[in-house]
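Got some structures for you, see below.
What follows is chain A paired twice: with chain B in the first complex and chain C in the second.
On to the complex of A and B.
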């Protein structure tokens, strides 16, 4: 049986998720034994189509990104959104919270029309996506677990238990009780609660769980001394995307 | 021979981000040659406006996956300058280790994965995994060493977790520092071997020279430290500036077809990065790094941009020796719990930090509640873009007798030599709020 042909692509992003994928020696060499990498512009010059699994990093922010993403979809049996920018819009979606004309004029002044862009969207707003690997950046263990599932033709992990579950299992001191703003109660788990484990509050980078109780989460943040302005700002670092912003 | 050439390399490979190389030759004359940045602009300004001081570092590290720690560091330092905060000596020493890890990791990635395939005449590191497996394993181990060095302080290199304004959310243990120090010492011979390896294939490095202006940090007066974390802005033309005066150096301008801005100072263009640092400060390198420079035939000033990779390799040896010493110093003094709380206030501040690709500037203005009113970042790759185009203009006419494939490869190798970080260069953080 021939090895699965996999490819990496990126749109508006920092490319940190692709880097995380190659950052670990042993696992990367093992992975290379099981797959053929046929496109990975950041690391290799070769480029072939007819792909079994495409990992797509980044958000869609321009008209010209759409045909490229559609071409990837047409040439791939499976498309996986890799990382927060692709899954939820990530930090790129913060620009949607301001009028686009203002944003462009801030940067390019009277030459703003040289560089047209539209509101940021995750890739599943443009093409059908078969699975999601969450996080900013992706978590290495979660990535490897998901790759195994994908190569077996199974679904990726939904991670509907919030970060708090793993945080409790690690017996971390709750940062909310220490008066720190933490998004753990409503954020998808699967990261091993890495931020709170290093004493840093969760910023919600993996997106919110299905049906999050945002009001209760905001009440808790308010109890810990954050103002309404603080809370709204904090909750939109990674979760600013709203489908209605691109209608 | 009067020939016509039309080269358009769509998305140069083995670089971070999306850039196209264009060359048009008509009747044997170069009409147009340029690196066009076609990366999607990300408009980081929308992300920072009104954001609280404790959110800023979190957001800006996402500008770049390769230099996430460098952006975080430039960010907390600019915030500290604005908010009137002086970090402790312990914090500064720990930050130097984080920066060291990032510079190591990025340099090794560039040397082995992005440049070496050209020197070995292959298209990527993948074929080398069969023909030169020992080199690929070494490459991955060295890249991981860089990550381990940063991880011990900030938890994760992409993106750092513990680094805050004034301090860290947790401090590393002595044993974790000792472990990583041991790893550095163990890996040093592998880097020395790499110097010999690269010296053996250095004949494949194209012979091309163009003298330009070199800009990097320079030592603050009295310091003998090869400056990465702190210093003045130094030009090879003989002037120095304080970080707050960075705009006198960068002079950003917008060019058509490129979503990234360009910069110039006294000449048509200037260079930042490992070769600029080497040219400006090579007398401050660790003696072992000086030995490597000698082996590689590098005597400052070097005017061949393809040699940036060799300057990076020399720097890795310096950084590894330097980091071993910093860890000794920290352990000698003992790791102390310190108070990292502070009060926000209104203010403006700038920082200049040497990240893998060169000098990085962050500049913020905060209002009295500690929310961002104005933010600006000038990225190393943005500063190098005009220099790459100027190199192209000198190089292209001299290589027209070669095949289109060879011409295209030489131009792409030049782009790769600069190790451009294109996602960074299109961060678009500049904001002016009314």
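On to the complex of A and C.
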């Protein structure tokens, strides 16, 4: 039986997740003979368009991204969103909270017309996605576990249990009980509650759970001393994208 | 049950004996502003003057993540069961947590025969200690602070002396490791006074007798309190994860990277998490926080009473202290018992 052929692609992102992922794949899966990497960054040749699993990093911010992403979809049996930018729009979607003109002027100054962009969207707003590997950056164990599932033809992990679950099971002191902010209660878990474990508030990088009680979460943040502005930043740092942004 | 007293200054000696005689001794130690049960290597950071630990001592009878079976994907699937049978001592357990372990025994050893729980439980020595409440505690509303069973030793701090109830032979053996003498009437009376003053200290109270709550719950299925609490609840699951009487779990099969062997593991799980009732085809039969809170309240104060004749809440206050929205069962109980809805 031939080994599954996997590929990596990136759009608007820092490429951090992809580098992490490729390291993990090479270190663990290629060595064990489970997969072959057929594509990473360089232009793809016709012959290589025979991909079992494509991992796509980055969010979609420009017109020319769309046909490229569609081509990846057409030529891959399975497409996985890799990392926060691809899954939720990530930090790139912060720009959706302001007028596009202002954002472009801030970034490109008087050259803003040279670089047309549109509101940031996660990749599943453009193509059908078969699974998600959340996080900024992705978590090694979570990535490897998900790849195992994908290779077995199963779904990726839902991670609809919030960060609090792993945090409580590790018996961390809850930051909220110490009067500090935390987005853990409404953020997807699977990261091992890494931030609260080191005393840092969760900022929601893995995206919000399926049915987040955002109003109650904002009340809790307010009770923990955050101003309206601060609360807005907590809620939007990784989770600014709203489907309305692109209608 | 026999009662003895020993000098508090001998406590270190007692702890040293335990550490030398048992592979694992767990006791409350500080973690930041909170406390946790942890394995101790000496008596130095054991703190008996704690109110509650973040997680209950249940974690030594039914760990958060517990390997049940290892399997190998050979031609004939091979299984190897994981049973832990090392002797262990849990030292410094509060009355509420002793009662909680009794309730878990009812569920995991008596009504069901959970092999892993039984293996751990039968190898566990429990040494209790009395303590005071804080604003989140309400043991006094749901149980008798004076526990009579479910421990090997129970210590009451009388100041310079410790009064100890000895319930088992193993407990006697442990007490024999230090100098002690039979407790006279005077000390037993002193303990009653201490218990009475502890009972006075509770500020959180359920207004009616808690065992009447099943009656109060009749006709309250659509009471507005459920929606009110549901609006505040984040469904973060903290309340059920810290609870000493919750025992629900999920089971996962995880493959090693070799893809040749794997482990079946059970993980704590529970009814306040949205996915707990998610079943095949995406149906979720408790898909909102109000229904989940109503369920949790019924589990604590009605369903288990029907089956075990016991309230499955010890009033430890863990869920209340940890809830980001300060949702607590006392407020719900009092709202239900005070007003009627048209």
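Quick notes on this structure:
Here is the rule we use: the second predicted complex is superposed on the first by the 231 of 247 C-alpha atoms of A that agree within 3 Å, B and C clash if a C-alpha of one lies under 4 Å from a C-alpha of the other, contacts with A are read in each partner's own complex, and residues count from 1 in each chain.
Here is the rule we use: contacts are C-beta pairs under 8 Å (C-beta built on N, C-alpha and C of every residue); 3 or more make two chains touch, one makes a residue touch a chain.
Keep in mind that what you see is a predicted model, and the values were worked out from it rather than measured.
Of the two partner chains placed by the overlay, only chain C lies in contact with A:169; chain B stays clear of it. Residue contacts after overlaying the shared chain place A:136 against chain B, while chain C stays out of touching range.
By the document's definition of touching, both partners, chain B and chain C, reach A:32. In the superposed model, A:177 lies in contact with chain C only, and not with chain B.
By the touch criterion defined above, A:237 lies against chain B but remains apart from chain C after alignment on the C-alpha atoms of chain A.
If you count the residues of chain A touched by chain B and by chain C, you find the higher number for B.
Common to the chain B and chain C interfaces on chain A are residues 28-29, 32. Within the complex formed with chain C, the residues of chain A that make contact are 28-29, 32, 34, 144-145, 148, 151-152, 158, 160-162, 164-165, 168-169, 171-174, 176-178, 184-186, 209-213, 215-217, 219-220.
Across the interface of their complex, chain A is touched by residues 31-34, 36, 54-55, 64-65, 231-238, 241-242, 254-255, 257-259, 267-268, 273-275, 278, 287, 289, 321-322, 324-325 of chain C.
Touching chain A in their complex are the following residues of chain B: 11, 13-18, 39-43, 45-47, 49-52, 55, 58-59, 62-66, 68, 113-114, 117, 123-126, 129, 137, 140-141, 143-144, 147, 155-159, 161-162, 169-170, 254, 256, 259, 423, 428, 430-433. By the touch criterion given at the top, residues 11-20, 23-25, 28-29, 32, 37, 41-47, 58, 61-62, 65, 90-92, 94-98, 103-104, 106-109, 111, 114-115, 117, 136-137, 194-195, 197-200, 203, 230, 233-234, 237 of chain A touch chain B in their complex.
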